[in-house]
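Structures incoming, each one as structure tokens.
In the two complexes below, subunit A is the common chain; its partner is subunit B in one and subunit C in the other.
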Partner chain A sequence: MASLADALPATRLTPRPRRPAVSPIAWLVGPALLLFVIFFVLPFAVMAVLSLLSGNPAQNPNVYLTSRHYVRFAGDDLYWDALWSTLRIGIVTTLASLLVGYPLAHWMARMKSRLGHALLLMAVIAPMLTGIVVRTFAWMTILQDKGVINTTLIGLGLIEKPLPLMYNEFGTVVALVHIYVPFMVLTLTGVIGRIDERLEQAARNLGASRLRAFAEVTLPLSLPGIFAGSLLVFALSISAYVTPFLMGGTNVLTLPMLIYQQVSSSFNLGFAGALGVILLAVSLLVVIAYNHVLARFSGPEGLT
Partner chain B sequence: MTANRLTRRAVLSAGAAAALATIGAPVILHAQTATLKITTWGGKWGDIMKAELLPAFEKEFKCTVSADQAFPFVPKLQASPKSNPVYDVLHTNSNEQWSSLDLGLVEARLDHKKIPNLADVYPYAISDKIVGVSIFTSAIGLGYRTDKGLKKPTSWKDFADPALAGMRGGYIIPVNSLGQCHLMMLGKIYGKGFTDLDAAYKALEALKPIKLVDFTGQMEKMLLAGEVNMGVIHDSGVLRYEGQNQPIDFAIPSEGVMALEQVLNVTPGSKVKELAYAYIDYMLRPDVQKKLAETVWYSPSNKKVKLAPKYDARLFNTEAKVAQLIQPDWKWYNARKDEIDTRVTRLLKG
Partner chain C sequence: MTDHSLPASADIRLEGVSKSFDGKVKAVDDVSLAIAPGEFFSLLGPSGCGKTTSLRMIAGFEAPDAGRIRVGGADITDVPVHKRDMGMVFQSYALFPHRTVAENVAFGLRMRSLPREEIRRRVAAALKQVALDGYEDRRPGQLSGGQQQRVALARAIVIRPPVLLCDEPLGALDRKLRQSMQFELKQLQKELGVTLVFVTHDQEEALAMSDRIAVMNAGRVEQVGAPAEIYDRPRTRFVADFIGEINLFDGTWDGGRFIAGDGRSLPATMNGARPGAGAVAVRPEKARIVAPGEGAVAGRIESANFLGGQVLYRIAASGDRHMLAKETNMGAAARPVGTEVGLLWNEADAVVLEG
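== the complex of A and B ==
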């Protein structure tokens, strides 16, 4: 007992080892991580599991593991065509959005007038305040055979038959670019705005032309913005459903359209899941390849 | 005196009790009222259902009705537990009822004793081609522009007129039952019968170039906008513009029209089955049928419905008229749907 009594004061005096404090950032990241797990990881896991089952276990307890949904995809070139069409639309939309969005973002980032910047920002954001369905219907009234463009051209006697502006990939890409350009512009503006203008001026002072200064200074430094913006637009384009459905007619078939068909009218959740897994896997491969290409262009510092 | 003093604790307690009562009262009241969960269409149909017919049903049966208008319904039912389904009554077209039956989501056969108004329906409404009961039908034929110098079509073969190239409208067959009906009709017209898919595929390919849409309502818009001069459509989609001076009309081809049935069925796991059956019986009442028929131009299933002359003239509401309706064999079609979807998509693409 004596030894315990003696020991007590010593215990009190000895400072207890402090547990490492949880970083406040970790607490802030927590909710986002939880949302990511609940709304992405779990649904994706369910979709991936369903893609490997013969049926829906919630409705039928006698389901078994099968690869038939993937075999079905692999064995029919219609699905490969749909995958290629999805990626092609995604890539073309991303490139077109970059070409349209970069000059606009550059102009916005370097604009001295606050009012001008605000007005331009409003002009970029304004279309986002309208729903995708409404914007797509607006494009339909412009591009369809009896639409504004064809009716005007026929009225002026410039063409006899309507130009094929809709019910094809062209119309689909035009509408998608209009819908997704704001994502590209907003992402790029932030990055270009942080590039020190004096670097470009230094290049000009050292004899570089305006074009060379842009190509060798501003453009490489804005690669992180190009990467982020492209990633965003590509991801949104390849998962678009409404616009390809309304603008593409029979000439456009993408994986999201097939997935919707499988869920809404064939009620085949397994095959829909397999298509979703394949789309995600292929998209990841494309993004990784794109990242590598941009990293090579951006030099030893990479995209950070 | 002390006992009557208003203390802070008393005020807080009274406040908490009041708050709980306010929050809890609707829940308690709701618990005493049965809720019937149904699916129903939007547009004019949905407007009259929500404004008049559902409130009247709620009042009569002392219940609340939760109506889902957001299509597609079957995947939502598929995702809910069978023992506690998201709907008590499923309203879809006939093809989806057959798929739902395969998935075990609806009753194989309704209890006729619980639906007295079934005694008055045309035989097609409860035929062996229907799972549940068809409360209305519309007829799938040809809609056409009357201002383009076209002769009124008299045969399905008129739809293949080369003059209509690029100006004829059909459906994305995998997602639209009118498109699926049209495909079967092509087999009948150009082949050995509704199940002659090879003849149907060949005839479908001959219709190219053709503009395809996914929703029936979109075909209405295409016809009204002059984007197509002739299209496969149900009579309701054209007749509802009568009196609005629109240059469109509906033609019944001599080979017959396919029936687009509006079918109701009960889900096996429904907790309010009696109410579900009462709702189906209510939807078959002559006054309810008349109201809806004259709002959306659907042909009523109840033989006792007396329509106003302009509706009577065009809707399928006599034994002789309903004899023209061809009911598709959806069980046969659904068994081949994947194969058909792949084939027609490949055929019409690009």
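== the complex of A and C ==
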């Protein structure tokens, strides 16, 4: 399983001797580069430009530069709350996916039986074959006031009123973790699988208990995987729209929901653009901070 | 290292130890060994004969299916790995890639919660012992194979274990480096007085370094003895064949004389062999090349391999047999290929094999 961590700058590159001419390999990167520009750089640039204009230049030629979309954001607590809510959901989902995914990934990576490994891999990947909407609806039938959990608990007489499991951030996070944990598991399995088991044995031989050996050796060596997996889950969950919409009901408002509103009902592309830029900027800051925290754990040269 | 006494070395006893994987082939089959304190003891045998498995059972990574393991008199069969207090050098070194050389060496001391200052001092001393002072802040990835090997050694001995286990520690080194490391390892082992169990499939290495060798075959111990004993007095056909080159003769013992398959009587003394079918073996350097009529066997020189100090002759005898004889290189007096010769040896130099 070629892990996603491979693609990240976290792995140190060994310097190669410089070639005089452009390598033919470089041409192969061309299409990817083109796609990257068309589908990422260009839309983002359009979004950033729109966020600084008074209107849509395609409809109204008399637009002028303005910071009013950002001023609007800064002046209204509703938007700040939406931003915090988005980040909170992203961070909690990421940490929960890590807690759920790491043991699973470790188990999978260290599994001797090939059949067992294949079955586990299927179990991890299979849910991804079902659409997000379907999986979210499944969670709704479980977490609703009249859902499986609440009716069971009430039936057993353990509670009188249904627990608030849905239409809040809790329900949103539960569903998001379920949907995105495979990304965490697959990324981590690749990284943990490449850590030599004998390193942990050497640590135990030198007097470390199993747990200590794990904490001293396997955990720090899997930090690049933790970072890559977290990045993936965080990025996916702060940009999720369907799940927060269905699971959060009217109680959860995230930036992607706001952006959708601005685009589809308010037709305010400028403000939508500003929200997008703010979401991207803030999540970049979170990612950088996270990288620093992990780097501290792994020592000076552990990560980058 | 003057600030402490030598670590007390311990004896190791394996008593009827067996281990099979997945309930199938026995990787280790009823092995009993008594290794003396401070001894350099080698486990030697072909690939897959159970050397690593034996070592891993001593270290505690595998639990034996049957039998007990004692170290220093105490039964450690059920003691977990991290409480066994043994040094180990892994085949691929297993250095922690995310830690510096100093941190690697300090690891075992840190696990023992020693004071910082003592850790620093002992790490420095251990690195000095393996001639790696000045490399403290490097990462394992920035070291050569030989240097990594030494870090692994320092990491194992710094905890002053009574027992040191090495699984083909020199396997990845080139020949020259290997020989100098053999010498250094042996030196260090004597200096520390530690009991060393050394796994290798290289017979020259085992012969050169060990106090005693256990030759293993298919999970069993074939013979235990000092290098000279193993080489000069192999007991079984397997040991004779595995260690060095040897000429094997099948035949029968008949009234105190050994009669080869072709009916000739060969020089050999029966000492203890059972009458009936048997085998004797003669080392190439014990076989003298003589005139065709005077030898116990006769043949024609088929090839001469120049080995530097010696020449190894391959001699074609009757019945599609080949024999080997080694002579000191005498320069111009080398024997030409095609010469008819005879081979002769002293009765005492013919090794009587069991079965």
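Methods note: the second predicted complex is superposed on the first by the 281 of 304 C-alpha atoms of A that agree within 3 Å, B and C clash if a C-alpha of one lies under 4 Å from a C-alpha of the other, contacts with A are read in each partner's own complex, and residues count from 1 in each chain.
To be clear about the criterion, contacts are C-beta pairs under 8 Å (C-beta built on N, C-alpha and C of every residue); 3 or more make two chains touch, one makes a residue touch a chain.
Since this is a predicted model, take the numbers as computed values, not measurements.
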Overlay on subunit A: subunit C relative to subunit B, clash or fit: fit
Contacts of A:Tyr167 with subunit B and subunit C, given as first, second, both or neither: first
Which superposed partner A:Ala58 touches (first subunit B, second subunit C, both, neither): first
Which superposed partner A:Ala203 touches (first subunit B, second subunit C, both, neither): second
Which superposed partner A:Val263 touches (first subunit B, second subunit C, both, neither): first
Touched partner set for A:Ala289, first subunit B, second subunit C, both or neither: neither
Partner chain(s) touched by A:Val217 [first = subunit B, second = subunit C, both, neither]: second
Touched partner set for A:Ala118, first subunit B, second subunit C, both or neither: neither
Subunit B versus subunit C as contact partner of A:Leu42, first or second or both or neither: neither
Minimum C-alpha spacing, chains overlaid - subunit B and subunit C, in Å: 46
Subunit A contact footprint on subunit B (complex, rising order): 72, 74-75, 78-79, 81-82, 96, 99, 103-105, 166, 172, 174-175, 210-212, 214, 225-227, 337-338, 341-342, 345-346, 348-350
Subunit A - residues contacting subunit B, complex: 56, 58-60, 76, 78, 81, 144-146, 167, 245, 249-251, 253, 260-261, 263-269
Footprint of subunit C on subunit A - complex, ascending: 196, 198-199, 201-210, 212-213, 216-217, 220-221, 298-299, 301-302
Subunit A-facing residues of subunit C, complex: 59-61, 80-88, 90, 92, 94-99, 107-108, 111-112, 139, 155, 159
